[in-house]
Amino acid sequence: MHILSVDGLTLSFGGVHALRGVDMQVAKGSITAVIGPNGAGKTSLFNSISGFYRPQEGRVVFQGEDITRLRPPHRAALGIGRTFQNIALFRGMTVLDNVKLGAHVRMRTGLLSALWYLGKARREEAEIRKQIEREVFDFLEIDHIRRHPVANLPYGLQKRVELARALAMRPKLLMLDEPVAGMNREEKEDMARFILDVKEQWDTTVLMVEHDMGMVMDISDQVYVLNFGQLIAAGKPSEVQANPEVIKAYLGSGDIHSLRQRLGGKTRAA
Amino acid sequence: MRIGSPKESYIADEALFRTRTQWVWLWLLLAVLIAYPFVANLYWLFLVCLISINIISATGLNILTGYTGQVSLGQAAFMGVGAYTVAWLDNNTGSPFFINLLAGAGMATLVGLIAGLPSLRVKGLYLAIATIGASFILQFIFINWESVTRGTRGINIEPPSVLGVTLDNPDTFYWLVMPIMVVMVLLAANLFRTRIGRAFIAIRDRDISASVLGINLPFYKLMSFGIASFYAGIAGGLYAYFFGAINPESFPLLMSIFFLAAIIVGGMGTILGSILGAIFMTLTPEILRYGVDILSPYIDNAPQILSPLRTAVFGALIVGFLLFEPHGLAEIWRRVRRFFHLWPFRT
Amino acid sequence: MDWLFFFEITLAGLGTGGLYALTAIAFVLIYKATRVINLAIGEMLMVGAYLFFGAAVGWALPWWLAIILALLGGGALGMVLERGVIRPLLGENPISVFMVTIGLGSILIGMVELIWTANPRSLPNFFPTDPIFIGEAFLAPKTFWSFVVAAVVIAVFLLLFRFWRGGVALRATASDQGAAYSMGINVPAVYSLAWGLAGVIAAGAGILLGSIGGISSDMGLFGLTVLVVVIVGGLDSVLGALLAGLLIGWMESMAGVYLGGEYEHLVTFILLMVVLLFRPWGLFGTREIERL
Amino acid sequence: MLVSKLARQLMAPVAAIALALGGAFPTAWADNDEIVLGGSIPMTGPFAFAGLQFDRGLRDYVEWINRQGGIEGRTLRYVGEDTGYQQDQSVAVFRRITSRENVNFYFGDSTAFQQTINRELDRRDILMTGASFASELNDPERYPLQFLLGPDYSEQVGILLSYIAEESPGARVAFIHSDTEFGRDPIAPGRSKAEELGLTVAATIVTPPGAADISSAALELRRARPDYAIFHGYVLAPIPDFIQRARQMGMNTRFMGTYYTMDQGIINEMGEAADGFMGVMPYRYYYDETGPAPIMDAIRELHGDYQTTTYTQGWLTGVLITEIARETLRAGKPFTGSNLRETLDSLSDIDTGGIFGQPVNFRGNSIPLGRIYRADVSQGQMVPVSDWIELE
């Protein structure tokens, strides 16, 4: 069963096509990866799914509901959570507040009870805090930094906090935009483990954009390859890896070297 | 030196005041607030009442500008809406003062929400400009809607009375304005312990991630605008009662800039900042007056430089704080506290 | 309908509009180069007028020399503000920079009042005083000549902007800072240049405005109408500034005569609200596509 | 009261701290031998030109009267502080001075302030006068403890209109006023008064506050072709501009102004263009030596050069206060505001030492008396063109 399907998505900015007729299906409970050379339209696809861009043509269907016209907050309320390529944490806030923000859509406190902070608001805050501590902080092993301001944390930890924030939403679909970019090997392995655990324990479907082929090949169930805004291949990691179109795409973009390197790296790691 | 205290529950950990020391200071502050009217003279009571009104308005503006990141130059005009509503009710219906005050705040909220509509379409600075436009239009209404506002002649307001006591002087008015101020500040502090307050900050810091987390930007921006105007309305209503007369010139654009300056100087995005800023900015003319008095033997016509100096210092405070201490007095206060907290050890 | 009267009012309105357009160009120049919404533009204009007053009346210099000094002073002021206050904040939140300009306006008013007091003054007249008739329509000589001067200055400015090296650097910086850097353009120098030029233009507008209606420390309020002009025209559009300046000048005149003087600013600010609601990027401004 | 007394004792230590912090404490009552006049004075800001002169005038008067032995043996003391012509500062100054001094009289600097502080006057029983001639304040019901230092603005316009009706019956009159509280004040009553006197109101032209360019308003004026145009709500700008343009357009309208535009400054600033400008002035000019005026003589003795009319206004304030205080003391009544007011109401034909050209009487809160002067540039002076006109 598909939790998300994208049909014929076309998006252009002032004549420049970012996406052309992209079709994609994400199976419930899977880890699906979108890969492609730089500028292939991966992030545009993500932004169309979360609702920042309004595609000229095509539909986005989430859990059987057409969400093409919905604005981002409504999509979030339906259960789509995401992280950003260039970490989009609230830098002035503590880790705890950032993660609490993730739970925003699940909370109900209205303005009046918020102002007086009696009964309902207080209980809800305590409840959410308990949940976050138990489910997110322990799980991602960041309980020791909950009072730290985000801005001072090392890069790898910031990525983890962003994941924590997305998890606090308890999303049905978790979209990760380059979750391990810029991380060292140890951090990458941690992150890969977290992603797998999310899929197992949280009953969450994962959709990610990633450049690190090793990771993509290791943990994905399904891989989509984009080039110049078009879908050029889809399938199991092993199938995609062998697809000549894909090799050509990376060759055409001058990225063949890095692809080889990444594939090579993966071979050695395996 | 003080060491961290272990928290027993998450509720305790989420409390506004967490340590015993904080509570001690709080009770002390309360004692001072209660004792103050018995020891201060009328002039200093007058100043404290004025400061309290300014704190309410500055807190409202800080919620909008400091916490939500939406600059407004309309705070004074919204105070005017509150003040005129109160004045009209006072003159025409004779309803009790707290009803008038709430009605004034409600009306200010309504007008604020309408003026905030451009925030749905435009970001950041355009909104500031829209509020300038709204100020002018409101000013026009204050002047020209004669049947309600008595035009340029202004309206007189009877002093409020509570339980038979007429609050017509700072020593009595204090007991009205001070508790209201404390409550308004506490409400604002509470707000930022909940999802709504966090949503405001999220919008300020990064509105894109905010919307991905399910925060409806237009809704929360308008809500923030509404809250700021509500605070302005309360402050304006109190202003009307306190001064006993209002006219269109009571709420000029300069006053909106005054509140903006107050939160910049005090510290944007902190409750303490609104308080410190309002106190500081209200007392600045007094401080300058003493300064000029001291200088007067050495400078010709010293009193004559006072008012230009006030204007210049006013601007210099805005510029200086933005350049050198963007987090305002609240940050300085925090550093001082930190110093004593760790004393005698250096960090 | 009295068409002659209507025509006269139109001319008078365009006369004021010329000054709006001139000041608006200073505003747009600063915005294009540094992306700063400068709320102190009205006060820069006021300082220019007072510098002229100081030189022409205080030092009793001939009026042309006083004008040159005032323009240079205005330019220097622009550069000092940019270097001392704006540049340290570039890259910060635009809201902080915006608020800084509000503070600057207040400082400038205070300084002018410290030096010249808050008393309103009048400037020595340097325009010809013979009445001007266009057909049968009367046009006050001051209005006419200030419009002519404004038009000439605007024309010169447009030529500079297009052909002069500095102008080219300005345009390059405005369109893409990074590219301008890599082309070897000294971007900080361009910032200085933009603010300096804007200072000169503002001072010129101040002298013209002051010679029509006298000067006072609150004449910076003129800047608020200019703000409306640039929003209506589009913050980054020189053409928009010109047309919106004339449009608003004309509208205010019409409103003043046919509705009453109290409506002059009302129509301006209602226009502002309408534009902000329906076309916030202005009539000729660039609609920015937000990319993530 | 007991509670508050108890609290005072309990709070003594806190009081000491507050004292150290604020320097704030109820001060000793003023000496009984003094009569204190407090003042919120606009010594800076847009109204400073008047405030400074007024302040000087009042100081000179106080010195002068005390040299003559004061008022019935009591010293008159004047305590004034700058307000910058800002309403909130005016109130703050009032609060500060009244918390320090036992004030008997007070001077306010603007209509808005005088309205705002009215309630406080009633409470504290202080008699007030001020720089405002607002018609609004000329209402003994609403403002029982205030009086004006001459005709209110409506009355000033009324005096001008009476003069016009006398000189050229049925003339066309235009009003030009600023869109401020000051500017709007006499317009509606002025229009009805004009009709009452058989004059035609040809136009009412409003200029927005701070308007620099009055091109279109000048065109409007030309179209109305009035015989007389009355300016109100301005100090100087844009009057010269209007007159200059009118001349250029070949109009022969006669321009008139009210009190605050009528000082010598208009000749000094406008030069040639001022010639023929007329207006109403309640006080005698420094150089007006027609008729006996001992107070004006005293001023001339003190200062050899021209003194402005607001300077004279300072003296007038002193003279009126002296009259009221003296009569109250003679009647042996306590110095409360209401008693002072009662005295004021009982006074008739008050001698102002020639500041007004004839003995004055209060009608309501004002003295509806003034004279029409015309600027004569060749003499560099304002010359009287009418007798003293008193409205009924």
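Structure notes:
Should a chain be cited, it is by its letter among A, B, C and D, assigned in written order, with residues numbered from 1 in that chain.
Operating definition for what follows: a contact is a pair of C-beta atoms (placed from the backbone, for glycine too) under 8 Å apart; a residue touches a chain by one contact, two chains touch by 3 or more.
Bear in mind the structure is a predicted one, so any value in this text is a computation, not a measurement.
Here the chain at the heart of the shown protein, by mean C-alpha position, is B. With centres defined by CA atoms alone, the chain at the far end from chain A is D.
Note on chain placement: the centre of chain C and the centre of chain D lie 38 Å apart, centres being C-alpha means. Annotation: 36 Å between the Cα-based centres of chain B and chain D. Here the CA centre of chain A is 49 Å from the CA centre of chain C.
Distance from the chain A centre to the chain D centre is 74 Å, each centre being the mean of its Cα atoms.
The residues of chain C that reach two or more other chains are 113, 117-118, 262, 265, 292, listed in rising order.
Chain B has residues 143, 208, 304-305, 307-308, 310 in contact with two or more other chains. Looking at chain D, residues 44-45, 48, 179 sit in touch with two or more other chains. Listing the residues of chain C that touch chain B in their complex gives 37, 85, 88-89, 92, 94-96, 98-100, 102-114, 117-118, 224, 227-228, 231, 262, 265-266, 269-270, 272-273, 276-277, 280, 292.
Chain B contributes residues 69, 71, 117-118, 121-122, 124-126, 128-130, 132-134, 136-137, 140, 143-144, 208, 257, 260-261, 264, 304-305, 307-319, 322-323, 326 to its touches with chain C in the complex. Remark: chain C residues 2, 5, 8-9, 12-13, 15-16, 19, 113, 117-120, 122, 129, 131, 138, 140-143, 209-210, 212-214, 216-219, 221-222, 253, 256-257, 260-262, 264-265 touch chain D in the complex. Every residue of chain B that touches chain D in the complex is listed here, in rising order: 31-32, 35-36, 38-44, 46-47, 50, 143, 151-154, 156, 159, 168-170, 243-250, 285, 303-308, 310.
If you check the complex, the residues on chain B that touch chain A are 9-11, 13-14, 187, 190-191, 193-199, 201-202, 205-206, 208-217, 223, 227, 269.
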